[in-house]
Structures are given as structure tokens and as C-alpha cells.
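In what comes next, chain A is part of two complexes: it sits with chain B in the first one and with chain C in the second one.
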Partner chain A sequence: MLKKAVGFYEHFERKDGSKSKATHYCAGCGHGIIHKLIAEAVAEYGLQDDTVFVSPVGCGAFCYYYFDCGNVAAGHGRASAVATGLSRSLPGKVVIAYQGDGDLGAIGFNNAFQAANRGEKFVCFFVNNAIYGMTGGQMAPTTLPDQKTATTPYGRDVRKDGYPLKVCEVFNQLEAPIFIERVSVADTKRILKAKKAIRKAIEIQKEGKGYAFVEILSPCPTNMKVSAVAAAQFTIDAMEKTYPLGNFRDRSAEATPPARHDMAVKALDELVVASSAEQVDAGSFTEKEFKFCGFGGQGILSLGLVLAHAGNDTGRNVSWFPSYGPEQRGGTASCSVVLSGGEIGSPTVDKPDVLVAMNQPSLEKFAPTVKDGGVIIYDAQIPVEFELPKNVTVYAFPAAQIATEKGVPKAANTALLGALIALDLIGLPEDAVLTALKDSFAAKPKLIPKNMEIVETAKGWMKAHR
Partner chain B sequence: MRKFIKGNEAVTVGALYAGCEIYFGYPITPASEIAHSAARLFPQRGKVFLQAECETGAINMIYGSASSGRMSMTASSGPGMSLMCEGISYLAGAQLPAVIVDVQRAGPGLGNIGPEQGDYNQAVKGGGHGNYKAIVLAPSSVQEMCDLTIKAFELAYKYRNPVIVLTDAVLGQVMESLEIPEHPFTPPDVSEWAVQADSKTRKNLITSIYLQNDLQEKHNWLLDAKYASMSVDAAAKNYRTEDAELILTGYGSSARIARSAVDALRAEGIKAGLFRPLTLFPFPQDELRKVAKGRKILVVELSNGQYRDDVLLHLDRKEFVPVELVNRMGGMLVTTQEVVAAARKMMEAVEC
Partner chain C sequence: MGCNKYGGESHPHIIIDECKGCGRCIEACPKDCLRFAEKMNGKGYIPAEYIGKGCTGCGICFYNCPEPYAIEVYKKDKE
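Right, the complex of A and B next:
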């Protein structure tokens, strides 16, 4: 019992001070015993080269002084999150999270709880001594009713401070954990039982079976301000009443390690499909700025997208920016599209060359912003009760009417695309625009013929009426 | 090879081309498409994607995976970034490489999901506790959302330091043409410091605690020297600055608006140029001083002068350079016309 465990360093060189063979723990503290049980189990299973130990904040902050394996020191309460990160990045390895009652039960409860619920492949050793140690004897979530601590000087008042947190009982409500047990290191008999549970939890990690949780009741004479014997007795007499010892769950016999990545791995080029169009020279294409606006659901954003896709696939630089913030309120949607041969400045079009408006509020709002010499196309159904700008060519185009007559009232946006093509406002090859339109119906190919028909009708109307 | 793609998705594409192995994140508008595309693409590359319980969980998972040396990233926006500051301080203290993308939204508090650049100080000055710096990169196009994400991994591993890609809701939501990157980044051998649960790395320790004051100070000096050495990677881009009398400056989407304003000002005969930092820490101080000498500066930003303060800080104190600010907040964008008007006013002031 007194021999140093093989899993420990021979000398604790990371420890401050000269006593490189003694631990930093107080006399009568349970941490040393728990460390030894863990170190023995890791060494006996021959896992030292395969193990990462995550130290918490609290008295266990310096676990890495002792354990001769890979060590990572976590922030307060975060050991289970850090262990999750390690376990996910080191599949097949053994990860140990070591946490105290304040660390796990208070500040880091959700991290620990959610890791347990996900069934992360690590073991969490939860040391419950019913008090904060390192910070100076304050109340822990596991402090017993009426127990005096630095922050409950008159005793823990359950009406004010709540009740002792029974973590094993809470975690036992979850589906994923493989193993949950509460043990104690208050006397020899209990230590032997603790040793068994700790070994089991490590074995589950060795076999990659899943999440294991071992709560260990442990005496803290220093912060209880009692003798080592009295602290151990408190652990047995008082703590076990609230925290009964025993195994809550052991599904290790039936558990099999599930494979997490069973998806076929693809090449990057296969996943990120790109167009092979060569970039068009800056000089040969004049930049064009569009604003599309209307009610949400009129297909304003997708109309802009068709243009932008066509631009990209013919080697132009393009940007498409959807309306944002206050503009979005009142159900009005808009998007800015820039087609350019060169580098695009602001993707938010403040002064469009072409404005396409499908409802009254947005026509009224954006019409004054159109550049001199620019074009406004709006749906002829919009009542215009305001003055449209001079020096701008305006078309009242029956987009909704054409779409409705073709039996697809929702395709008024497609009709507007036809109008843009007819007026040669896009500056891209027509077939590229039509290909982009077809591509936009990739999920509903049945709609393609009708939409192509609408484009043709729209073009015809515009050519006849321009 | 060009792909028409959303800025947020270009981040994921960049991460995959960089060889990123692990994504831990928590949803938040306007950054969520990064998580959506990572959730879709990472498993198809045999990489890990996991939705964490909160941003605190996510950044500490990153701390764990970065401890193993695996290329790890997360993305968030203002409120989530505030929660991540704890973990970023730990990453910096323990000298771990990780990439964190901040798609800035309007704040403070819950604010709204519109574009703003109010997280500048949080990112650039170190929003968490202690003497640390994150490297901060500032993309201003979909292309740079991808390219600077790759660059972020390079710098994270070069310096063993967290790198923040500081972007905003405009760049996250805008769709543009992306030239697919060609040269993937190969991370260096990490076995000297990483903890990989093998015999080679068994003696390694990842921690940020130095119990003795003198050792903690020594660690701080070491970090400080590292941060100073990063100046070689400071970068900026100039646009039409050669003969400029007025320098507009901004980063991210502000720089895009400023670029349009430069062209508009030139069209009316005002010689304007644009100075655009690609790295906010290390700040391209030399480049700024060179371009600012004898000129006036107009700062364009979507925050309350946070970036302007840094411009002032980095200008040569021996030279007088007039600096003005044109800005909007709350999700409102500065328009090109507002910038032009402010620039005109500044140049008229010269003539008086």
C-alpha cells in the first residue's frame, strides 16, 4: 500500500520546492489515494503510452506533477470539454478527466453532463469532498445541509443555497454512460472497492466502450478544520447518508465500441465542385450593379442568384448580397448583385444601374437611388402614387400577369428575367443566363419547361413594347 | 476553378483545403453557415464535426484537440465570442494553435444579427484575461474568407498561437466567386510539444499555470517576445495610394465600401487611395506609416472608432497626420456616398 505506483513519475520534478518525492496534498486528504489507484490501474493495463490525463482546477490542478503519461491542464470546470476534444482527436486512446465537486458540480456541470450524455469515450473521476479545497473551504454544490464553510458560516441553508447535488443519480438518468459508480476512500475496506471501480472504468476505456463515471467520496481535513481521522469519519457517517455508495450502472458486458466515422471519404475536388470558366479580362466587361426588391416569397433573392451564377460561370466576378437588418422588416426582401470584369468594391449596391421592383414599398424606397441613365423595371400591377426619377428609363412590365396566364403565378420573377434579357441589361450570353435559370430548378426539374416558356413570352412582350 | 459561394461557406472550404481535422462549434447567426457546411463536409472528408453544448464547451474542446496537435477550428459571433474569450486566453497561455472565426454582428449584449465591427478591441487587444495576443486576420472578400482561413492555420502553427479570423455579417452572407485554392498547408511536426497518447509525446505537458511569480513572469516575457516577432507577418494591401492625397482606411466589409468610395472620389478629381490591413495583430505599422506620411486619413468602420484608435496608435508620433472617422453602427452600413461626403469635407478643410 505504501509503495509508489508504477504509473507515477519516480521524482515529481514538475512540483515546486525541494521535496520532489512528496505530494502537495495535505495529510489526510483523499486525493493521494485516488491518484495512486488510478496510476496503478493505468500502469497495470500497460496504458501509460496510450493515456492522456486532464487535470482540473482545484487541488487536483497539479495532477500532472505525478502521472507519468501525457498531461493536459484544463481551465476551471472545463476538464470534460477538454477531454472531449482530446478523445475526439485521439480515437482509440485513453483519456482521463479528473474533476472536483466545485469544478464538475458547479462551474463545469453542463460541460460534464453533456459529455456524459454524448457518451464521450473517456472516464471522468469525480472527487467529492463536500467543500472547495484549493480556493479556501467555500461551499460546494455537494456541501451537506447545515455544513459550515467559508461562504456558509452559519451552515448551508437549503432554503437559500439549495440541496446537495447528487451527480451519480443525475447522470444515471442519461442513456449513454456505460458505467456509473460511487465509491469512497475513507477507509481500507472502501479503498479496495474504489480500486475495483477505478480499474473497471479504465478497462472500459482500454476497450473503447464508452463513457465511465466514478464519483469518489474523499476526506478534506484541512478545509473541514478537523483531524484526518475525524474527516474520514465525516465522509463515512455524514456524506454517505446523502451520497450512498454503490454501483448505479455497469453496461460494460453488453457495450460494443460503435464506429463514429462510417462515411465514405471523398476527394476535396469532388466535394467542392467548381466551374472551369476562365476569368474574363477586366477591360472587356463593364461593371453592372443591380438591385432586386419585393416581398419575401416573390423569388427576389433567387432572381438575383440566377444572374450571379450566370456571371460566375462565364468568368465574371460577381457578388450577391441579401438584404439585411431594418431593410428586412415589413416582409420586404432585396438583394444587391454586382457583375464585374475586375475586383468588386462594395457588394452592397447603394446606386444601382438597374432596379427590379416587385412591390410598391421597395419601388418607392429604391427608385430615387437609381443612377442617372439607369433602368427601372417594376411589375405593372404596382400602383405608382409617387414621382419616379427623371433621367432614368422606366418600364412597367406585366410580370405577374404573364406568369399567371402561364399558370405559374409564382414565376413572376422568371418573367422579369426575360425582360432583363430582352433589354440586354445583363451583358452576359443569353444561354449562360438560361442555363443558370435551369440549374436553379435542379431540385424541381418539372418546372423548367414552364419557366423557359415564361422567359420567351416575357422577351416577346418586352420586344413588342419597348 | 471558380465557385460561386457564400462567405461563410468559403471559410469551411478554406479550412478543408488547409487540412483542418476538427470542428467544434455552437450555432449563432450570422456565423451558422460555417457550422452547417462543416457539418456537411467534414464527415465526408473523414474529419470530426461536433456541435458543442455552448461556446465555452466548444472552445475548451478546441483546447483539448489543439493539445493533441490536430488542426482545429471553431466559428462564432459576438455573444459567442465573449464566451470563448476564456478559452482563447488559455490557448494563448498554453501556446496552442487554433483558428477561431468571428462573424461580427451588432452589439453590445444581444444586439442584432446585422453587420458591425464592434468586436475589434475584443479580438485585437485580447478579450480574455492576462497578457496575451491572438493573431487577427481581416478578410474583405469571399476569396479572402477562404485564403485567410488557410493563412490562419499556417500562422497558428508557425507561432503556436490562437488566430482569430475577424470578419462580419456582410462577408459571411455575401456570395461571390471563389478561386479554389491550390496549395494545401502541411502542419509541422508537433511531437515536441503535443500530447498524442503515444510513447513519443508521453512526457509532454500542456498547461498555462506557473505557480511561482518569477516563472509566470518569465513565461510572459517569452510570450511578449513571440508577439513582437510576429511583426514580420504583418500585411496590408494598398489601392491607388501612389499619388493619393487622402488615404481611406478600413478592414473587412468597410474596406470594400471604402474601395468603391476611392473610385467615386477619383471620378470627381479627388486623389484618394485605400490602405487595408490584412492583419490587425500584428498591425502593419510600417506600411501604414509609409502610406500616411504627408497625407490625410479617413477611417471607415462599422464601430465606435475602435479601429480608428489603433490607426492613431500606430501612426508615427513625430509626424502630424489628420485623422477623421466615418462610421455607422447597429447593423447599419456606411454607404459609399457617406464616405465620399466625409472625404470631400476633409479635403475642403485643407484649402481653408
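Right, the complex of A and C next:
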């Protein structure tokens, strides 16, 4: 009989090529022991082909060198977020997030915490060595009180640096996690307990029951500047005082796999409008660039969207690119729309063919950018206290007035659409534009007749005054 | 199974060039049958070695070893 490592690649080709059999970890590092336990559990449950392992940033960044299963490397602190995405998009698969105390406890704490709070179906292995390993022994969130590190040379002062972050205890306040345990790999007895907890956490994933969290106290001899054996002793003597070992929670017996409401394909189709229209030949449709601007709440973005949808429905390439401040209402907003027969290089519009402005500051800002021979339409109520460019056609159009007279002051954007149609500036069949307008009110069909009326009135005004 | 050197008895097989000499296995062995070797290995570490007798095949050294491929444990076949 034979005891040997399972669940790893036979050679670590991603590390040093086809001969490599050694890890990149320092002598006596706890990562290797933890790797062995995880790889063994995954292999012994027969899950290697059904597992995705998410590597963190930190010393564990190269986990994908070793584990013979699916691998993804996450950005710093994002392993739990990446694991959430994988878990949701790969139902029935086992997802493992592996994170250190800097990755999970500092930059990625909220990602990990929220994933735990949502009860995402994956297991998070949290390796706590009370120090930043990869970057050279700085204080970590988990550094012990009075512990000396590169950045706390006189020891961690809790009055200044705060207290060690007890992640298991914090997560144990949440409703959703199924399993929470803190273990250690400092000696044989503890390693065997760790092995059991890791197997249990993997088993919970195999059965699809929900979120499992295993914190593993792990020695870092290099940054503790002691031998491997002394570093292991430090995790027992010092770390366990702050981080007591034990199971915090095991609800696996009563837990049932969570019911996830998969996003319906139909819903996605409604969100992302894909055109079934035949592509229009590049030569037969000249590219048109529009800029719509005003303040947030005037329907600037919606107006642009109607044009983009109309173009999409009639086989043009389109882009719609909004730009707005953090305010829903009151800030300035603009959107750039490009309609093209060919490919669109950039969705930004620096020199529009047509500028539609609904307030003064944006008219003043964008009017000088309009192409020679282009068109500016602005609301007639805007006071123009500056010179408009000479080589463009300018229309002061009573959009707000028309909308107000029709009893819907907020529909000034619809009136502007009517003006664009009347001047034939869009270059698309009128019925396609009107269909797109109607579609934009799909959620409020009552508003459709009034908006069509506003379009007609606007068209009539523009034809009489052009 | 296992290497003839130990006549089918339980023993650890230390892959000398994969050992980083951390000493965790030596510390952990309940039978004190591991020690540091006299010569360094190709990587420049002083590896662990088996004293040649006393192994029960418990596998404790394997689990304490942080390297996946530095140590294997052969256990005596049950008759």
C-alpha cells in the first residue's frame, strides 16, 4: 500500500516546464499541506473533472500550477466574486475559492462577506498566517496584537492599528452559510482535523448544499523569520489564542440545495435587443452621428435609444453611448448615437452631424463641435447668450411648448424626435422610428397614443417653419 | 509493493531532490525514524532521510510535508 499525493498535475508544467515537481512555496509553508488536503478530497470524491478552482492573489496566486482540475485566476481580493459567477453559471459543478488573509481579509473582505451572506454555492478556503506573505511580511488584518511585522516594527498596536479580524466569528453572524470551521495545519492532530473539515466542505459542494467556509491557520516561517517547526509552534501557541479552533456551524444535515431562479432566456432577449433584420449594405447608408444632450430626466438617453433601436431593427450597425453624472435627475446628461451601414469604429461622437440640445449649458458646450454642414436643434425656450456656429443649420424648436400644450411636459424629447423625422435627419424609414418609439413604451402602453400625437404635431410645426 | 531495500516493510520514500528540508516530517514522526541527511540535495537544501527502521506506515510524515511530491509512504501489505 502506498500513501502519495493525488489530485495534482503529475508535473507542474505551468511552473518550470515538464520536469517540475516542486511547488513555489518556501520550505515549511502551510500552503503545501493545505493543497494536499484539498487536492486529495477533490480527487477522492471523484470531482476533478467537475471542479473549478479559483486562485487568489498572494502566495497562493499560482494554485493553478498544481491542482489538476479547472482553474481560474482571480484579481486581487476577487476570488469569492469570481467563484460566485462560476457557481451560478456552472450549476452542478464544484467551485473552490482559495484566499489568503490579505486577499480575503483586506481588499476582498466585502466580496467574501457578501458571497457568504448570499449563501453562494461554493467553498471558500481562507488561509490565515497572520501576516502578508508574498509582499514581504507586512501587517495583515489578521496580525496578532503586539506582533512584529515589517510595518509594525514595535508590534501591532491595537489602539492605532485595530484588532485582528476574526473572519469565522464575523461570518458566523450571517444566516446563509452552511458550514464554518477554523482548523490549523500546525501538527499532525490538527492536520487530520483540517483534513476532515476540508473533506466535509467539499462534500457539501458535491451535494450542492450551499456556502462553506474553512479558515486554516497556516505557518509562514519565512516572514516570521523562524524555522518551519517554530513557525508551526507559533500558530499553536500564539495564533490559537486569538483564533480558537473549532467548528462554528454545520447545518449540512438539514440543508437542502438552494433553489436558484435561473434567468430566463426570454428575459435576456428583452434586455439585449438583437436584430433579426438583414444587414444593410455599407455603401448604401452613410454613417450618421448624433449627440443628444440636456439635463438628466429630460429623456435624453431614451431619445437616443429610440434611434439606436430603430437603426438596429432596420439592419444598421448602431451604437448608443450614454454619458451622465451620478445624479438620476438634475445633472448634465448626453448620449452619442451612431447609425452606420458599416462597422462602427468608436461609439463616442466628437463631431456630430446632428446635435439635439435640451438645455443651455449643453448647447453651449456641444454647439462648437458640430460638423460643418451639420444641424443643431435646440429647444426654443433656451436663452442663447452666445454665438452659434456659422456653418451649420440651426433650428430653435418649441419642443417643451408642444409637449406642454399636449399635456405631457415630460415628452419634449418625443417632440424632438418628430422634428428629426420632419427634417429627415435620421435616414431611416419613418415607420421604423415610430415602431421603436412605441416599443420604448412597452411597459406603459397608455402613453403611446399621446406620444404619437406629439410626434405628428412636431412634424407639422417643423414642416411649416423650416 | 514497495522497494526491495526494506524487504517489503513499511517505509517512507523521500524524493531527495524535491525535499526543501523544512523538518516538519522529522518533528512529526511518532517513531522518530526520520532525520536530516548529511549532504545537501541538488536544490541546496538538507533533506530529510529515513533512519532505515521503525516506520509503521502511518502516513503522518506525508501529511506534514508541504510538498506534494517529496515524500511517499509505503505500507506493508497485509497478508
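Going forward, the second predicted complex is superposed on the first by the 253 of 466 C-alpha atoms of A that agree within 3 Å, B and C clash if a C-alpha of one lies under 4 Å from a C-alpha of the other, contacts with A are read in each partner's own complex, and residues count from 1 in each chain.
Definition applied: a contact is a pair of C-beta atoms (placed from the backbone, for glycine too) under 8 Å apart; a residue touches a chain by one contact, two chains touch by 3 or more.
Note that the coordinates shown come from a computational prediction; the quantities given were computed from them, not determined experimentally.
Once the two complexes are overlaid on the shared chain, A:49 sits against chain B while remaining clear of chain C. Once the two complexes are laid over each other on the shared chain, residue contacts for A:227 go to chain C alone; chain B is not touched. Contacts of A:188 after superposition on the shared chain: chain C is touched, whereas chain B is not. Of the two partner chains placed by the overlay, only chain C lies in contact with A:5; chain B stays clear of it. In the superposition on chain A, A:277 makes contact with chain B only, not with chain C.
In the overlay built on the shared chain, the residue A:64 is in contact with chain B alone; chain C does not reach it. One of chain B and chain C touches more residues of chain A, and that partner is B.
Judged by the touch definition given at the top, the superposed model places A:463 against neither chain B nor chain C.
When both complexes are aligned on chain A by C-alpha atoms, no chain A residue touches chain B in the first and chain C in the second. By the touch criterion stated above, chain C contacts chain A in their complex at residues 1-2, 15, 18, 20-24, 27-28, 30, 43, 45, 57, 59-60, 62-70, 72-77. Listing the residues of chain A that touch chain B in their complex gives 14, 16, 48-52, 54-55, 61, 64, 68-75, 78, 81-90, 93-95, 110-111, 114, 261, 263-266, 268, 271-277, 279, 305, 308-309, 311-313, 315-322, 324-326, 343-348, 350-351. Taken together, the chain A residues at the contact with chain C in this complex read 1-5, 8, 21-23, 25-33, 35-37, 39, 66, 187-188, 191-192, 195, 221, 227-229, 232.
Considering their complex, residues 1-4, 13, 16-17, 21-22, 24, 41, 43-46, 48, 50, 52-54, 56-58, 60-68, 70, 72, 86-87, 90, 94, 106, 112-115, 141-142, 169-170, 173-178, 180, 195-199, 201-202, 204-209, 211-212, 253, 256-257, 259-263, 331-333, 335-337 of chain B touch chain A.
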